[in-house]
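The following block contains the structure, expressed as structure tokens.
In this document, chain identifiers A, B and C correspond to the written order of the chains, with residue numbering beginning at 1 in each.
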Amino acid sequence: MNSEEIAIQAKDFSAWYGEFKVLKNINIEVPTKHVTAIIGPSGCGKTTFVRCINRLHELTPGAKVSGDLMLYEKNIYHSDPMKIRRTIGMVFQRPNPFPTMTIAGNVMAGYSLNSIRLKSSDYRDILEDSLRKAALWDEVKDKLNKFGSELSGGQQQRLCIARAIASKPKVILFDEPCSALDPIATGKIEELIRELKSQYTIIIVTHNMQQAGRVADYTAFFMLGELIEFDQTEKVFTNPAKSLTEDYITGRFG
Amino acid sequence: MFYMRSDKVFKIVLLVFGFLILFFSIGIFIQLSSSAWLSIKQNGVSFLFKSVWDPNKDVYGALPFLIGTFITALLSVFLSLPLSIGTSLFLSDYVKGNFSNIISSLIDLLASIPSVVYGLWGLFMLVPYIRILENWLFKYAGFIPLFNSKPYGVGILSATVVLLIMILPYSISVIKEVLKMVPDDLKEAGYALGANKWEVMQKIVLPYIKSGIFAGTGLSLGRALGETMAVTMVIGNRNAVPTSLFDPANTLASVIANEFYEASSASHVSSLIYLALILFVFSFLVNFTMQLILRKINTGMIKK
Amino acid sequence: MRKIKNLIMTVMISLATLICLIPLFLLLYYVIKMGISSINLDFFIKNPKPMGEIGGGMLNSIVGTLIVLGMASLIGIPFGLATGIYLAENKGTKLAEWVRLSTEVLVGIPSIVIGILVYSWVVKTMNTFSAFAGSIALTIIMIPLLARSTEEVLLMVPNTLKEAAFALGASRWNTQRMIVMKTAMGGIISAILSSIGRIAGETAPLLFTAFGNQFFSTKLFRPISTLPIQIFTYARSPNVVQNKMAWAGALLLVSMVLLLNFSAKWISQALVKRSKN
């Protein structure tokens, strides 16, 4: 399809909840250091797909997978899941800072939760760097020891982004990160995502096609557990190859 | 690798505790059966139907205690029913907010007061009044078989009243939980049709929570069956089949509490443990059934 | 007619509530009235006098209760918490369902049966009644209570927090310890306090285990006096002085239990308020 380096590659990848097959033989190559959006009607498996990438899916009782999922040509499912999750950050639908931790504690949770001790200078550096990258530093630098629950919804979500960045991941997954936010907060998060792609491979699940158009370089369209179409965003939205895609983006269903 | 190892340890430790609990409940049954074995061999099943319990003559029959247990338990549960249903309705539909919460916590307090304190209070404060009531009933209604024995104060009636007070908070808390599951739109539909409060309660709410009331009553029955100290202190401790509500008697639990530490012969000890086994089986059956019913109610509501 | 019926039922239902509350007030009133006169310094610092003599206190029972409760909590709290965590972590699996059912059954077992059981297991094996045996009996009552309430508060922790921790590469153990338990800490403390409150007043399981002791003892493997047993003994005594002691003991025991319950409730409510902000 193109000559970009591949960050994540799925080969005949399927996933189940009990007997129900949620993902059907997905083949996709996600290019590195770009934003890839996954769109599709609800229940199409888009969230399940990103949860398979960082192996959260398997924590649900009865969940299973088959096929291969590669991260820079290393099989995700042949690696230590905890290491994989540290390499692949995730931002969830609703902001979920840890209520028992301070703002600083939240950003650095990836280290404390893995019992990794840092030199205090390293700690400061990573903390500041992550908050700066998440465009939150100026707003919280004076209240790093306050609880995260004091922040607004949009700030909390950026705090969660800083938390994901702090672990120095290669890939960051966003699972409908703006669905609980107002338009202004949404705008800030989208701007942030566009900035982050210079350093990270980003996959964003969204039910909002305008959002995909605004932030994504590539777009994948999922329906009923199948990957219908995957291409450059502009192409998917202006000149889709499949009629199903066209029906969806023109709003004829879903 | 440290993380993986601590996770494995974590999982195994939890599993061990889970298994321990599981084995424990089976272990109880085995231990009681083996300790009671001597008496089971000697008396067999007819133990349940023999009406004489006389350790001095080495004769053991459980009938007086079975009757004592079931009369006090069933009677107190039966009498508590209107009170607990009424109170639950009051708390869920008749008053709101803080007031309801305060009364709820007061009723919860009833459950936290130690059994031995109920017994003390019952023995010194309740029994004298019950004796007056009994004397009055004996004088004017003595022709009724239930009231035709000489009143002592301590006895079946006193035990029933104390039990009644003690089980109230248990049935109320279960019924309150089920009342929460009654969908508001059902009630609103009732009001919209012009029904008044009581009619909505009677025609819509009560039928909806029938099985919940049953489960709540059953759980309090389980409580009443095994209640020991308070009953021991007010029931009069007589090892004979009671013939009236005024008779002193004994329950399975109270006779064990009274005689176990002074029992010297092996057959006496073993017969008391036989009683404990019977008590265990009964309360197990009652609790098990009620938990299953409650679980059905819960899952059924979720599906709706 | 319908209106009258409605009114009557409203009155009846309110009356039912009132009737449920009356015994509580009567009981508290009598315990305070009868007990307060015997509560003085001697009550806390002196041991009982032989029957017939005036004076003395319940020091041996107070210390005994604290020892037995302390030891029971020492074993019961970790065990109960672990079982509760097990139930919450494995919700939905067959084995966990069985374990949950056994905790429910254990909660329903009459406490006197637990007493008999510990008599067979501990007292007969060690050939003596003991504080230790009493603690074991109370522990057995505490574990299923604590396990169930722990499970309940752990399940109230939003799943998204656990997922966030997993997504950062945390192990199950660290997630449980640093996220779930911390978030639920208020609920856990309150569960612990109310389970101690529950076993503090238990009498029947101590009858044939801790047994009782007229004298002061702190030995773990000797019979020991406890407040509930002492109240029971004094209540049935023909001696008026001892009857009065029973009321004083009851007042102390009820205050202890209520204090534990109130602090449990207060902690959980304070935390609900905090989490709502």
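One rule holds for everything that comes next: a contact is a pair of C-beta atoms (placed from the backbone, for glycine too) under 8 Å apart; a residue touches a chain by one contact, two chains touch by 3 or more.
Quantities reported herein were computed from a predicted structural model and do not represent experimental measurements.
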By mean C-alpha position, what chain is farthest away from subunit A?
B
Counting C-beta pairs in contact, does B-C beat A-C or the other way around?
B-C
Centrality ranking, top chain (CA atoms only):
C
What is the distance in Å between the mean C-alpha positions of subunit A and subunit B?
55
Taking the mean of the CA coordinates per chain, how far is subunit B from subunit C in Å?
18
I'd like the Å distance between the centres of subunit A and subunit C, where a centre is the mean of that chain's Cα atoms.
48
Two or more other chains touching the same residue: where does that happen in subunit B?
3-4
Identify all positions of subunit C at which a residue touches two or more other chains, and write them in rising order.
171, 174
By the touch definition above, subunit A meets two or more other chains at residues 82, 114-115
Give the list of subunit A residues in touch with subunit C in this complex.
54, 56, 59, 61, 82-86, 89-90, 92, 94, 96, 98-100, 109-110, 112-115, 149, 160, 163-164, 167
Give the list of subunit C residues in touch with subunit A in this complex.
92-93, 158, 160-161, 163-171, 174-175, 178-179, 182-183, 185, 275, 277
List the residues on subunit B that touch subunit C in their complex, please.
3-4, 6-7, 9-11, 13-15, 17-22, 24-25, 28, 31-32, 35, 82-87, 89-91, 94, 103, 105-110, 112-121, 123-125, 165, 168, 172, 196-199, 201, 219, 222, 225-229, 233, 253, 256-257, 260-261, 272-273, 276, 279-280, 283-284, 286-288, 291
In the complex, subunit C touches subunit B at residues 2-3, 5-6, 9-10, 12-17, 19-21, 23-24, 26-27, 30-31, 34, 79, 82-83, 85-87, 89-90, 95-96, 98-99, 101-113, 116-117, 119-121, 140, 143-144, 147, 171-174, 176, 197-198, 200-204, 207-208, 211, 228, 231-232, 235-236, 243, 246-247, 250, 253-254, 257-258, 261, 265
